[in-house]
Amino acid sequence: MSILIDKDTRVLVQGITGREGLFHASQMLDYGTQVVAGVTPGKGGDWVLDGKVPVFDTVERALAATGANCSVLFVPAKFAGDAMLEAGDAGVPLVICITEGVPIQDMMKVRRYLDQEGVRLVGPNCPGLLTPGESKAGIIPGRIADLGSIGVVSRSGTLTYEVLYALQQAGLGVTTCVGIGGDPISGTRFTDALQMFEDDHHTEAVVMIGEIGGEEEERAADFISSSMTKPVVAFIAGQSAPPGKRMGHAGAIIEAGSGKAADKVAALQSAGVSVAENPEAIPELLN
Amino acid sequence: MRLHEYQSKQLFAKQGVPIPRGEVAETPAQVRAIAEKLGGAVAVKSQVLVGGRGKAGGIRLAKSPEEAEQLAAGIFELEINGLPVRKILVDEAAEISTEIYLGVTNDRTQGSPVLIASAEGGVEIEEVARTHPDKIARAWVDPLIGLRDYQARNLAAAMELPRQHWSEFSQMARGLFDTYWNSDATLAEINPLVITRQDQLLALDGKIVIDDNALYRHPELEQLRDLDEEAPSEREARGLGLSYVKLEGNIGCMVNGAGLAMATMDVIKGLGGEPANFLDIGGGAAAEKVAAAIQIILADPEVNSMMFNIFGGITRCDEVARGILMGLEQVPREVYLVTRLVGTNEELGRKILADAKMDTASSLVEAAEMVIEAAKMGVTE
Amino acid sequence: MRLHEYQSKQLFAKQGVPIPRGEVAETPAQVRAIAEKLGGAVAVKSQVLVGGRGKAGGIRLAKSPEEAEQLAAGIFELEINGLPVRKILVDEAAEISTEIYLGVTNDRTQGSPVLIASAEGGVEIEEVARTHPDKIARAWVDPLIGLRDYQARNLAAAMELPRQHWSEFSQMARGLFDTYWNSDATLAEINPLVITRQDQLLALDGKIVIDDNALYRHPELEQLRDLDEEAPSEREARGLGLSYVKLEGNIGCMVNGAGLAMATMDVIKGLGGEPANFLDIGGGAAAEKVAAAIQIILADPEVNSMMFNIFGGITRCDEVARGILMGLEQVPREVYLVTRLVGTNEELGRKILADAKMDTASSLVEAAEMVIEAAKMGVTE
Amino acid sequence: MSILIDKDTRVLVQGITGREGLFHASQMLDYGTQVVAGVTPGKGGDWVLDGKVPVFDTVERALAATGANCSVLFVPAKFAGDAMLEAGDAGVPLVICITEGVPIQDMMKVRRYLDQEGVRLVGPNCPGLLTPGESKAGIIPGRIADLGSIGVVSRSGTLTYEVLYALQQAGLGVTTCVGIGGDPISGTRFTDALQMFEDDHHTEAVVMIGEIGGEEEERAADFISSSMTKPVVAFIAGQSAPPGKRMGHAGAIIEAGSGKAADKVAALQSAGVSVAENPEAIPELLN
């Protein structure tokens, strides 16, 4: 049916009393997500969103009271590293960090630690997860995707929405959309999501949206050619990007000769992946 | 944020890495004075934040203070990859016996720092990686435990560095790593790390790139920022919280989201147009920010047309439409504009633009085709 | 190595932990001068490196400088658990509203630091652990990742500390942990951590114990060592690389190996004797070291008999035998001696002792029985 | 037959050119241990012990050349933490640290790291391992133990020898003797060794030698009562030790009311363990 989240997912929102946190918690609730708790240190005991969601001072307490099993973070970048560790240490098995601008050194430590502890981290700097009709844990607009059989994994935000929208226009539905984020160090990588889609019985094909920078698309190509049976369609953003310039995302930069879009496209194509020329061309490649 | 060679080497020196004696000058006369003070031959090195200084004639060796002054005069006239030379580092010249590469960067896949060493120093490490991958030794550093002494020894052993230099090399590796780690760098490299004829190890050239997201905890490093590093328009955009990269084309692009902005450029380029820039207004931008972004894009005289591609999630299409009108009011020249709005308050946004008699498109490709055609016709006044 | 209260609090203060204003005095007159400078009521606190200062009358409150001087005069006369009072800390008196316990130590089982907090401050944490185990909150700190802010918050929450104090409490926890970590402490505690009537948090009393094995990297801490911490004989033994602990009995023990030394004491005690000391000469001790150890043991006038228990592995029995004879030559009084030698060069060692007409035993129990009987007969001259 | 080491164990000695390292490497060789390599940075290329053992600069190289699968450390305390990590990182599955005086903070980091990497650490401040007649990896005198069916685990050094000697005098042999060391933070704990002896078909009974300090004996008692079928005989040193005084070993101290010998004896006895009054009384309790 989906990967990572479904209708039973009990979501905790860290940073729920901030502007972004509150807005998106409300959007998630509206979508039907079970938003069971929020955490803001010093605001424990409050209730937000028309008294629907209790706020706790610590993740530990929120978990004890509500049994949340997924945390979505809207915590400022300075405190995000700590907040991810807090979630992991308290026993949250799935941590989704929406926050942009977390220092790389923090992320190296956090990823190493959460990996050890067996916590699944998605992000940072990502739009989160959407399982259409069931649950939204993040900021992906809910109405642009219907339930279906396509798995979507992407390093981007609005570009993902563009693709979801194109799929919807073409009458194609989605099992789960996973925004893995645009930072150099991410908790969940393409290969992780591809493996999960490969294992998910309801996913019949996968759309993968990459961009310049790093070598994760090349690793995904290796994985696809060695371990995937399901068809994969890809789009790689940044074919026209100049080397050495950071294109918005911290991770979107061609440096030291690596991370070029052309190399990624070539690797994917030789792994049997259909690479779309533009996002709107993806649906037809799925047919 | 990238640091100059002289700034990088000074940071290394603070962590105990030996560097040549040297000082920075801003005039040929200062260069001469420094060379006189140092005595003997000196290296006269332009300080610009791009690669290829050597090839561009920006690094020269002078045997006397007079020669140094003369060479510096020429170098100060240079523009290297578009950047003017404002500063020259005058270093005591070293008698080089061996050149080594030593660097540390973030391995994205491993999620950890990686220390890289090669006996093939003095050239770009990517070049070595391509031509002699076996000549590169790597040591991944656990981010929770830090660099260990044996890792430096393993590198020295792998490079077949003569054993008499191991201890000094290990200390340099430690100093380099500490500089990298303590300054939240994403790259710190010594290239070349030389062994002199006197058997001393020395960081002859250095480079540091700092993680912009971590600069808040290093105010002392923020002060090292060279404003020449960025084009003035890029700097201005950064101040406004916009991601802007100037390119060579004539089609301005304003998009919300980095990935979508790249994809928009790609589509334009793919259909035969030439994007003039990358610009991401970010999520949930207000009309004022949209207007400011338009100013920045249209300040580029090459731009004769513009495409807005907005996929409204947090961003509201009506707010963007208002921003577009607001921005155009302040621009004294006419350019062709096409807007594609999808998502939150899409109808409202479209109506605002239609009322102002502006072109709108429903798909990305359609919008791109419209703007490319306009750009080719050369609408500029 | 244990630090004094005033030393501990000064280290805490360097990490941003608020402590009362105060100074250390060595005479009653100095106490008065400090009290005058501080103004108001003061706490007059003996600085000795044992517990139970309060019960022994070593901590008093004075309303005036005169009273402080008077109380100090009395305190300087005290001997607390065998230690003389040489220093007095004079602290501004705090108006206490709440007393909390906050400490950090090594959890041996977890292999990590553990931060311990309790709303029941001011008494020994072991006492709280016994009587109100539910009133103790713990946070284990991953040694590779360090203390995280949320861990301090979790403790504050568990203690039901009023939320207005969380931020200050977290900063104190951070300061305490940093002191502990940066000084290679095995224990650092603030007890009580008080909330004053003015709603300030303050470290009223503090204690730090440093890992002796890590002192080499903290020369500045080694200088804080108070020589009164140890009995002079223990200090002398440490200087010689011997582990020596003075006890109350009359049977001296010299053993190689800490576990075997304890077992030897246990056997003596179990059979009705009273060991005078623990002494481990370590592995592979040379004759000179053995001789020096004998001097230390026999410097205790209570000792009237001695047992050597040597299990030779690295340690050679003949070397020990020679050391015993060498040591005894330098001792002007007669004590009963029995030696049990097993292991490396056992025969050679026994022969040396037999030639000198000294008693030997083949088993630990046999040796213990012999020395106990001798001790009871009171061989002392 | 044994746990942890046997005749096929290939031993590497870190710090082999030091006085202690060289002496004990020679003793191990004499015992019949396969001492295949030594490591001393800066001495690579030398051969020691009559040209029998090659010295390498790094553990990595020593492993590549000799396939060592156990490292015994005689490295000075200052460098021991680093040396343990070097061994673990290079892929040595069993690391035995003889060195005394390693700072506790170093050990906390090392233990956490090696645990994560799945490396078995024994020590520090321990006499190492002896499987009589097969292999000696450490400093336990070889001739005081014969092959047999008793497993021995101990926090002590010479006290262990005393016990081995007493067993030998009584005609009892040993499967393996494990010296876990006298430091507060040890890689291998009583429970680990007890589990291994429980699983070892040749071990019929276990002798456990504890001492004051910490709570590992109490944890062992819990383990014995819940998970062990084989008989255990114990001796606890330090019944006569005063509280608050460190008795030679860094870990042998009664502090904060915990670590008392009497508590340990009581815990073990209620777990069904026979506790000997003195080391020489152990053999008869095994009958």
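Should a chain be cited, it is by its letter among A, B, C and D, assigned in written order, with residues numbered from 1 in that chain.
The criterion applied here is as follows: contacts are C-beta pairs under 8 Å (C-beta built on N, C-alpha and C of every residue); 3 or more make two chains touch, one makes a residue touch a chain.
The model shown is predicted, which means the values in this text are computed figures rather than measured ones.
Check every other chain and keep only those touching both subunit A and subunit B; list them.
Of all the chains present, those in contact with both subunit A and subunit B are C.
Taking a step as a move to a touching chain, how many steps at least join subunit B to subunit D?
Graph distance in the chain contact network comes out at 1.
So which chain is farthest from subunit D, going by the mean of the CA atoms in each chain?
Looking at centroid distances, B is the chain farthest away.
For the pairs A-C and C-D, output the one whose chains share more C-beta pairs in contact.
C-D
Centroid of subunit A to centroid of subunit C, CA atoms only: how many Å?
A distance of 54 Å separates the two centres.
Using mean C-alpha positions as chain centres, tell me how far subunit C is from subunit D in Å, no decimals.
Averaging C-alpha atoms per chain gives centres 27 Å apart.
Approximately how many whole Å separate the CA-defined centres of subunit A and subunit D?
48
Which parts of subunit B, given as residue numbers and ranges, touch two or more other chains?
Within subunit B, residues 142, 144-145 contact more than one other chain.
Indicate the residues of subunit A shared as contacts by at least two other chains.
Only 109, 113 qualify.
Okay, in this complex, where on subunit D does subunit B touch?
Subunit D reaches subunit B through residues 41-42, 44, 57-61, 79, 82-83, 85-86, 89, 109, 113.
Provide the residue numbers of subunit C that touch subunit A in the complex, in ascending order.
142, 144-145, 148-150, 153-154, 157, 163, 166-167
Can you list the residues on subunit B that touch subunit A in the complex?
Result: residues 106, 108-109, 111-113, 125-126, 129-130, 142-144, 181, 184, 186, 211-214, 216-217, 243, 245, 247, 255-263, 265-270, 275, 278, 280, 283, 311-314, 342-344, 363-365 of subunit B touch subunit A.
Which residues of subunit A touch subunit B in the complex?
23, 77-78, 101-109, 111-113, 115, 127, 139-141, 144, 154-162, 165, 182, 184-185, 189, 209, 211-212, 214-216, 219, 235, 237-242, 245-252, 256-258, 261, 277-280
Can you name the residues of subunit B that touch subunit C in the complex?
144-145
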